[in-house]
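Here chain A shows up in two complexes: once beside chain B, once beside chain C.
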Partner chain A sequence: MKVRIGIGIIVFFSVIAIIGPWLNDLMGIGPWKIDYDAIAEPPGAGHLLGTTSQGTDVLAQMIAGTRNSMVVGSVAGVIGVILSVVVGVTAGFFGGKVDAVLSFVTNMFLVLPVLPLTLIVAGYVQDTGPITIALIIGLFGWAAGARTLRAQTLSLRGRDFVMAMRMIGESKPRMIFVEVLPHLAGWISAMFLHLVLAAILAEAGLAFLGVSSADTISWGTVIDQARQVALLNGMWWWFVPPGLCIALLGTATGLVNFGIDEVMNPRLRTADIKAMRKALA
Partner chain B sequence: MKQGRWRFLTKRVAFYLATSWSAITLNFLIPRLMPGDPSSVIVRQLQRQSGESVSPEAVAAIQKLFGDPRAGLLQQYWDYLVSIARLDFGLSVSRFPTPVGELLAEGLPWTLMLVGATTVVAFVLGTGLGIAAGWKPGGRLDGFLSPLSTFLTAVPYFWVALIALYVFGLVLGWFPLGGGYDPDLYGRPGFVGSVLEYMVMPATTIVFSAFGGWLLGMRNMMITTVSEDYVLLGKAKGLSAGRVMFRYAARNALLPSVTGFAMAIGGVLGGALLTEIVFSYPGIGYLLYDAVSKRDYPLMQGVFLLTTLTVLLANFVADSVYVMIDPRTREAGR
Partner chain C sequence: MPEETPVLAAEDVTKHFDTGRQTVRALENVTLRLYRGRIAALVGESGSGKTTLARLLAQFYPVTSGEIRLRGEVVSGPDKDFYGEVQLVFQDPFASLNSLRKVEHNVRRALKLHGHAADDAAVHELLAKVNLTPAADFARKLPHELSGGQRQRVAIARALAVRPSVLLGDEPISMLDVSIRLDVLNLLARLREEEGLALLYITHDIASARYLSDDIYVMYAGQMVEGGPAESVIQEPKHPYTRLLLDSSPDPERAGGSSAFTATAKLGEPPSLVDPPPGCRFHPRCPFAKEQCKTSFPPRTEFADGSWTNCWLHNES
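For the complex of A and B:
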């Protein structure tokens, strides 16, 4: 049930991200369109989520922002997953010196604080569009995943079925891709979701600090703009939705991850525990 | 017995020294990876930003930190290391000619106080609730706390801060809207009180956003530990529930939380910096905001270096605690 709700929310935002521009056109609103008759208007019939202090529609901005936030999240997620699989699985599978070097690098990236690091790179890069931001975030966010995957690969490597394949003389790439990787699918998908959320949060943080290009709208930029004006004028309808969307999407990834955790670690299955307790009582 | 611990700690010291060195080197390399030479690019960017020409003193300050384009890269690196060793982080461009080190020294105590206090509170609160939730997984408490913490870990810190500022500062007027203390009370008897009063809102929002992560981690570990044989044995021996819960289960479930500190503290610090900005708290976060919005690169790099080194130090402290509470490190030294 939890997982279903989570997947539902993720699908919802993904669909909005894809059809966003058409949806906006369909409703006759646009993120840059200024309605001079409705400036800083609370939610109502004309503007479902109200308008900003410049007279743009908050709902339209949210819809447009969904796409960029999701793009940043998924691009950074893909990059982070690729890096952590490459580093983690290689380190765990080959062991020895390779492992020593890769583990050292992983641990290093693990303890370096991500926000200041991304910030300083983003500060120097001239172009701060969503893809660039996603690249930077993905580049620095892979360490935790790599560590988990390394540990998992290490334990998989010693299992009988991998040993057997090794004795048969299967090639290393085939062992990695056919024997090891499929067993890591659960971890990898959980990691991907985690990275997507982390990236969306990081992008919002960067936008909040003013690192974002002026012509893109994301959930983060909406919060950033709202902060400067909306707060003091009590325009809650402007700064509540973006944060709520991030939180909702984050909760959804958390719920799905709960499900994945329970599949991988049966002890965490609370439903089973409940049933067991009932049976015992 | 002692030897294993020392070997572990020496290894960690070596690791953190190496990591600090790479952070310092990254700090040196990142600006130099930009196309063109960094000092001229920064000067040009500043010019574009402010619309007026940059004073020769500022240019000299930038060149000191980002290297004279005429000097070789190795020479630049050496000069840079020497000035870092002297705690000389160059001069701030936006508040010329205040040294960056001076600005950082002003901000650091505020951030340390805020982040230190909130991290401890969030850790204790989250771990404590995690013990309770994981003790009876699927119970009423767990059914309430787990979804709540999942939600909380996903909420951006600064957004919670904005809402808190709006509700408690603006609408209800219970707390001041920003700053670190009441300027009228500076150096007077009520000063400490006003510092505490101004800290309530930022601290509460950080604890609020941070404790969920600890809770979830601890809960999951608890659930795994609770089904271990030794816990069952403890119960079978007729020990009190509290004793089994804390001395048998929680004690063993706690270890990964201490290791997880490494991953968490960086995130908490990042969130805290953004929270500081919302409340105009006079710490490092506020400096960072200034640095980014005014393109003050020397200040930005100073903040990066300082926060990174602080996080590394905090991690080292966590590692040392780990050595003390994990009996295995006494023998293995790994």
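For the complex of A and C:
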């Protein structure tokens, strides 16, 4: 049940992200359209979530922002997870010099101050669109995960069942992918979801600091704009939706994690395994 | 003892583990030979080097000196051919199976990797061989659905799947319920008969060694102290340590007081392997220790019944 709610929320946001522009057209609203008759209007019939102080529709901005926030989150998540799995599992499984080099690189990335660095890189890059932000967050955010995975792999490598498979002559790639990686799936998925959330928050934070291109709308930019006016005027309908979206996505990632735990650990599986598999498929 | 070439042998093997600051002298000049169709039991208390010897035989780590020989030829390092001949069954059946993989995965991979037919029939045949029937049902189970004894059988089936000639059992029954230990022992005995396997049975329970094995080797603190045909080692133990082991196992027929060890209240502890006692490592605990025992390790003395010991008590020269 928990898993289904979590997956439901994530699917909901993903669908909005995909069909967003089309949905806005269908409802006859747009993130840049200014309605001079309804400036700073609370939620009502014409504008379901009200309007901003410039007269743009909050719902339209939310819908348009979902796409960019989800893109930032998933791209950063995928890049970060791939890097941390490749670096962490390789270092842990092979050990020795490979481990020494990779651990050194990991530690270096670990002590880099990510947010200031992001600001500097964003300053040099011409167009700080969502993909750029995602790349920066993904490329600088993998180190902590790599360290965790390295430690886990190191412990798995010495377990009897891995030794036993080595003894029957299992190849190294198969040992990593078939025997070791499945045991890390819980860690990896938790890491991915955590990275997605961290990236969305980081993007929102950067937008809040003004690092984002002017023609991009994301949950972060909506909050940023609302910050300047909404709080003073009590326009709660402007800043609550983006905040709520971020919080909801965070909750959803947590709920999905419980489910992944159950699938990965056969002992936690409740009676209905097939339903669980289907729910996750 | 038979005169044929041993299938697997450790010849004069020494293993020191260097931990940086100190050296653990785990094994000193140990020789052990395994023959086709025979079960050798390796007996000794915890920390005596039994597992280290098994892992050296299985080439988990290199020897410090001495050599491991497979069919008379020195083994330089582990490779697929070596593991096609030698397999080790771990002590803990709860750790030796991947908890996420079904029973059939383990057996099937072993079959496939060594070029044997890996279809359902072959997998089921192996499971049936280790008494996991109905095999088709067991093949689909996950390790946590099995008991310790069943898991150990799966581990044995996996080892057998490569069709080895040597099976090393590292205390294969010590983690199992007492009630199912005999089943696994009988299984090992049957495999020896049917497959002609050379078996090493490591245990700290000298009674089960007597039940199962043809030969018994006794280790103390990294040194081999006695060996020979099982009955002669049990009936006429030569080394005081073997006698201590035998006296430690309960025997309702033995009246109190017949043991050399009951008089001494304190039986002592096994020594540290970082700084082992010089000479015979058993001398601090030995009620018969002589001056000689404290300075040098005794040479081997052989007896008419095929057994031998390294003890100054039996070496008058």
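Throughout what follows, the second predicted complex is superposed on the first by the 249 of 281 C-alpha atoms of A that agree within 3 Å, B and C clash if a C-alpha of one lies under 4 Å from a C-alpha of the other, contacts with A are read in each partner's own complex, and residues count from 1 in each chain.
In the analysis below, a contact is a pair of C-beta atoms (placed from the backbone, for glycine too) under 8 Å apart; a residue touches a chain by one contact, two chains touch by 3 or more.
Keep in mind it's a predicted model, so treat the numbers as computed, not measured.
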What is the contact status of A:M167 with respect to chain B (first) and chain C (second): first, second, both, or neither? second
Please indicate which partner A:R159 is in contact with in the superposed arrangement: first for chain B, second for chain C, both, or neither. second
First (chain B), second (chain C), both or neither touched by A:P182: second
Which partner does A:I133 reach: the first (chain B), the second (chain C), both, or neither? neither
Greater chain A contact set [chain C / chain B]: B
Could you look at A:G205 and tell me whether it touches chain B, chain C, both or neither (first, second, both, neither)? first
Looking at A:L197 after the superposition, I want to know if it touches chain B, chain C, both of them or none. Which is it: first, second, both, neither? first
Can you list the residues of chain A that touch chain B in one structure and chain C in the other? 265, 267
Residues of chain B touching chain A in their complex? 15-16, 18-19, 22-23, 26-27, 30-31, 33-34, 137-138, 142, 146-147, 150-151, 153-156, 158-160, 162-163, 165-166, 170-171, 220, 223-224, 227, 262-263, 265-267, 269-271, 273-274, 277-278, 288-289, 292-293, 295, 297, 300-301, 303-304, 307-308, 311-312, 315
Looking at the complex, which residues from chain C come into contact with chain A? 58, 60, 80, 83-84, 87-88, 90, 92, 95-101, 106, 109-110, 113-114, 142, 144, 155, 158-159, 161-162
Residue ranges of chain A touching chain B (in the complex, touch as defined): 2, 104, 107-108, 110-117, 119-121, 123-125, 144, 197, 201, 204-205, 208-211, 223, 226-227, 231-232, 234, 236, 239-240, 242-243, 246-251, 253-255, 258, 261, 265, 267-268, 270-271, 273-274
Chain C contact footprint on chain A (complex, rising order): 159-161, 163-165, 167-170, 178-179, 182-183, 264-267
